[in-house]
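Here's the structure we're looking at; comments come further down.
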Amino acid sequence: MVALATFLQRELRLLARQKADWLNPVLFFVIVLSLFPLGIGPEPNLLRIIAPGVIWIAALLSVLLAAERLFKDDYRNGVLEQLVATRQALWPFVFAKLISNWLSTGLPLVLLSPLVALLLNVDSASFLAMLLTLLLGTPLLSLLSVLGAALTVSADKGGILLALLILPLYIPLLIFASAAMEAAAMALPYYGQLAIMLAMLLVALALVPFAVNSALKINVS
Amino acid sequence: MFKWLHPLAKPETVYQLCGRLYPWLLTAALLLLLLGNIWGLAFTPPDYQQGDSYRIIHIHVPAAIMSMGAYSAMAIAAFVALVWQVKVAQWSVLAIAPIGAVYTAIALITGMAWGKPMWGTWWVWDARLTSELILLFLYLGVIALSGAFSDRQTGAKVASLLAVVGVINLPVIHFSVEWWNTLHQGASITKFAKPSIDPSMLWPLLISILAFKVLMLALICLRLRTAILVNEQHRPWVRAMAGDQ
Amino acid sequence: MHFQSWAEFWAMGGYGLFVWLSFGTTYFLLLALLCYSQLQQKQFKRQLAAKLAREQRVKQYQEQSD
Amino acid sequence: MALSDISRFVLLRQYGNMRPIFPVVDSKRPVIKHQPFSVIVGQELLQAQALSCIRQDRVLFEQLSFTVRAGDILQVAGKNGAGKSSLLRLLAGLSAPDEGTLHYRSQPLSDVVDDYAANLCFIGHQSGIHEQLTALENLAFWRAAAGVPQPDDYALLAQLGLAGLEDIPCNMLSAGQQRRVSLARLWFTSCQVWILDEPFTALDQSAIAMLQQYFLQHLNRGGAIVLTTHQNLTLQYNSLTTLELAYRW
């Protein structure tokens, strides 16, 4: 527990010192969202229809963008290798990375959602759904992108590889999150979709740390 | 408990076993494929609804079934590789992945070619086609990941890990795509009527499925042999063999 | 035999394009995979033999210079 | 059978006889009190039997056997690319040997890997120092990882000649200073086995002397050290073994 607190403090400190790491993905999110109306026309009704999908696709891509550098520094300067050698200190490290990743990429998206709703003409009912899906979905995004980052830490070519690995795993989330928002737009109940997202989040929360742990071990071996 | 499996974990034994099985498996696969396909193409009556276009079934269905079969084989190998650190299992993951990817691509292409006359369009976001497409992405992910490391061993292990993660995800993906498909049921899509298949059509289909399966085994033998050679090239037995040739 | 003539067989009741496209690509892909896998193995064996020959030459050279 | 036939490495020097390094009070193996770790003098800590390591299709070493006892220091020497770092990473439990076995306290390493890791301090080729963090923050990180509280890092850093540099980011420090921050971990660790990859890199003479002195202390309280270095160890250690790895094509 002490280790987790210290490690989390370290991650947050690093985020505070390397602002580009988390600001760029957030900026990317906003820019992609503002490109869509320019690309397909500013028709309010059209925007309302495509909003759920567009928001979630932008969220997926921006989280992916942030994942790339997640473990790189710690791999390069040997922190990762020496943590793996301690075995037990690797767990709090993984959790600290997960939490700080969500705080730096997921949470800003949630906080930005009112602005996004304005940009894309989302009405208040769908806005609530959007907020809820982002709250439930972004932690899952973080889990999967940390997994992807852990798998590719020592890879020679990162970048597009990470997208190839992780985007297929995002698909269920994309489907249910945008379905929930569509249902909300049609004033239908969407608790089912939220419940499924919650279930996926819990399952991922139980399994992903193990996978991240062994991925890191393999990568430094 | 796994004592009797232990000699199988020895690369040299596996290499020789695969070498002995390969010609038989390949011959059997080719004969079965010829038999099943010629029978299916020429000696069965046409479907009363779809006419002769249904004959694509004799490659589409075997490829689709075995694309998933290959994934489960790959996932089992990956699991064994990770839990028991069996190197041969690691290499078989990499040996199977391209086979699975080719089968999946075949299933997709033939599905499209079948869809065009039946649905009037090359591609529909049908649940099965979409799942198959994602399966192809997963295969490509495993292949790309395994090649991305300067250390071959690391690549094989990480790819195994991804294969296991993928197999946990596959049911979720499949379920969500199916659900998404019913939600967005398009107007123009008419689903296949699934009549109970006539025995005269069933036999060639079963033979073709078997042919694809045996062909997969033959290809695994061939590719695993190469993988063993590459990864064991410093061993005396490999060097002795290469010196003989 | 269901078809009366070869022409009918190739036409596949008007679906010839789709049927032969499917079968053609399938056989092509399978054959390509098979040949590629076999080529890989041959190529690697050749590489290994070359490597061994290289080592042999190094050894010979070292013995001569000793 | 000649020694070179048994293995491809050469035992260069062997000081001492690997017997207890303390005046033995009790004829039975005495347990030294007041140690952060329990010590049985002369106990076999690490046993390597017929280790082989293959990287990138090159056999780095094979049939390598040695024993590290409490109080031993093992210097792994050899040319670049001879497999020194790979051997250390094997010993640190980061990777598994391609052949052969490792034992920790006479038990197979895979059975007691958690115990072993808890008693092991590994500092690799890279320093384990994040450049964006200060010396204090880096130390706090490693202290939390090791689970040791240390009240006064200022004093420790001052002792290592880093007074006044405690709270500036490590990318402002020189390579030698960064190395000192990295090695500061050795001063608060309670682990018995130290595995150090090139600890003297970039250090100046006085720091090297201090570090060697500290090594001696650790050995005297029953610790064990495995290290690689291109420099000769100037201090006379009782139980120094040098393991020279030959470069193999």
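Per-chain numbering from 1; labels A, B, C and D assigned in written order.
The rule is short, and it goes like this: a contact is a pair of C-beta atoms (placed from the backbone, for glycine too) under 8 Å apart; a residue touches a chain by one contact, two chains touch by 3 or more.
Computed from a predicted structure; not experimentally measured.
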Chain pair, B-D or B-C, that carries the greater number of C-beta contacts: B-C
Separation of mean Cα positions, subunit D and subunit B [Å, integer]: 48
Chain centre separation in whole Å, for subunit C relative to subunit B (CA means): 18
Distance between the centres, which are taken as Cα means, of subunit B and subunit A, whole angstrom: 32
Centre-of-Cα separation between subunit C and subunit A, whole angstrom: 42
Residues within subunit D bordering two or more other chains: 96
Multi-chain contact residues (two or more partners), subunit B: 150-151, 233
Subunit C, residues touching no fewer than two other chains: none
Pairs of chains in contact (touch as defined earlier), listed by label: A-B, A-D, B-C, B-D
In the complex with subunit D, residue positions of subunit A that touch it: 2-3, 6-7, 10, 13-14, 17-18, 73-74, 76-79, 81-89, 92-93, 220-221
Subunit D-touching residues of subunit B, taken from the complex the two chains share: 85, 150-151, 233-234
Footprint of subunit B on subunit A - complex, ascending: 147, 151-152, 154-157, 161, 164-165, 167-169, 171-172, 175-176, 179, 200, 207, 211, 214-215, 218-219, 221
Subunit D - residues contacting subunit B, complex: 54-59, 96
Touching residues (chain side subunit B, partner subunit A) in the complex: 82, 134, 137-138, 140-141, 144-145, 148-151, 153-154, 157-158, 161-162, 164-166, 168-169, 172-173, 175-177, 179-180, 183
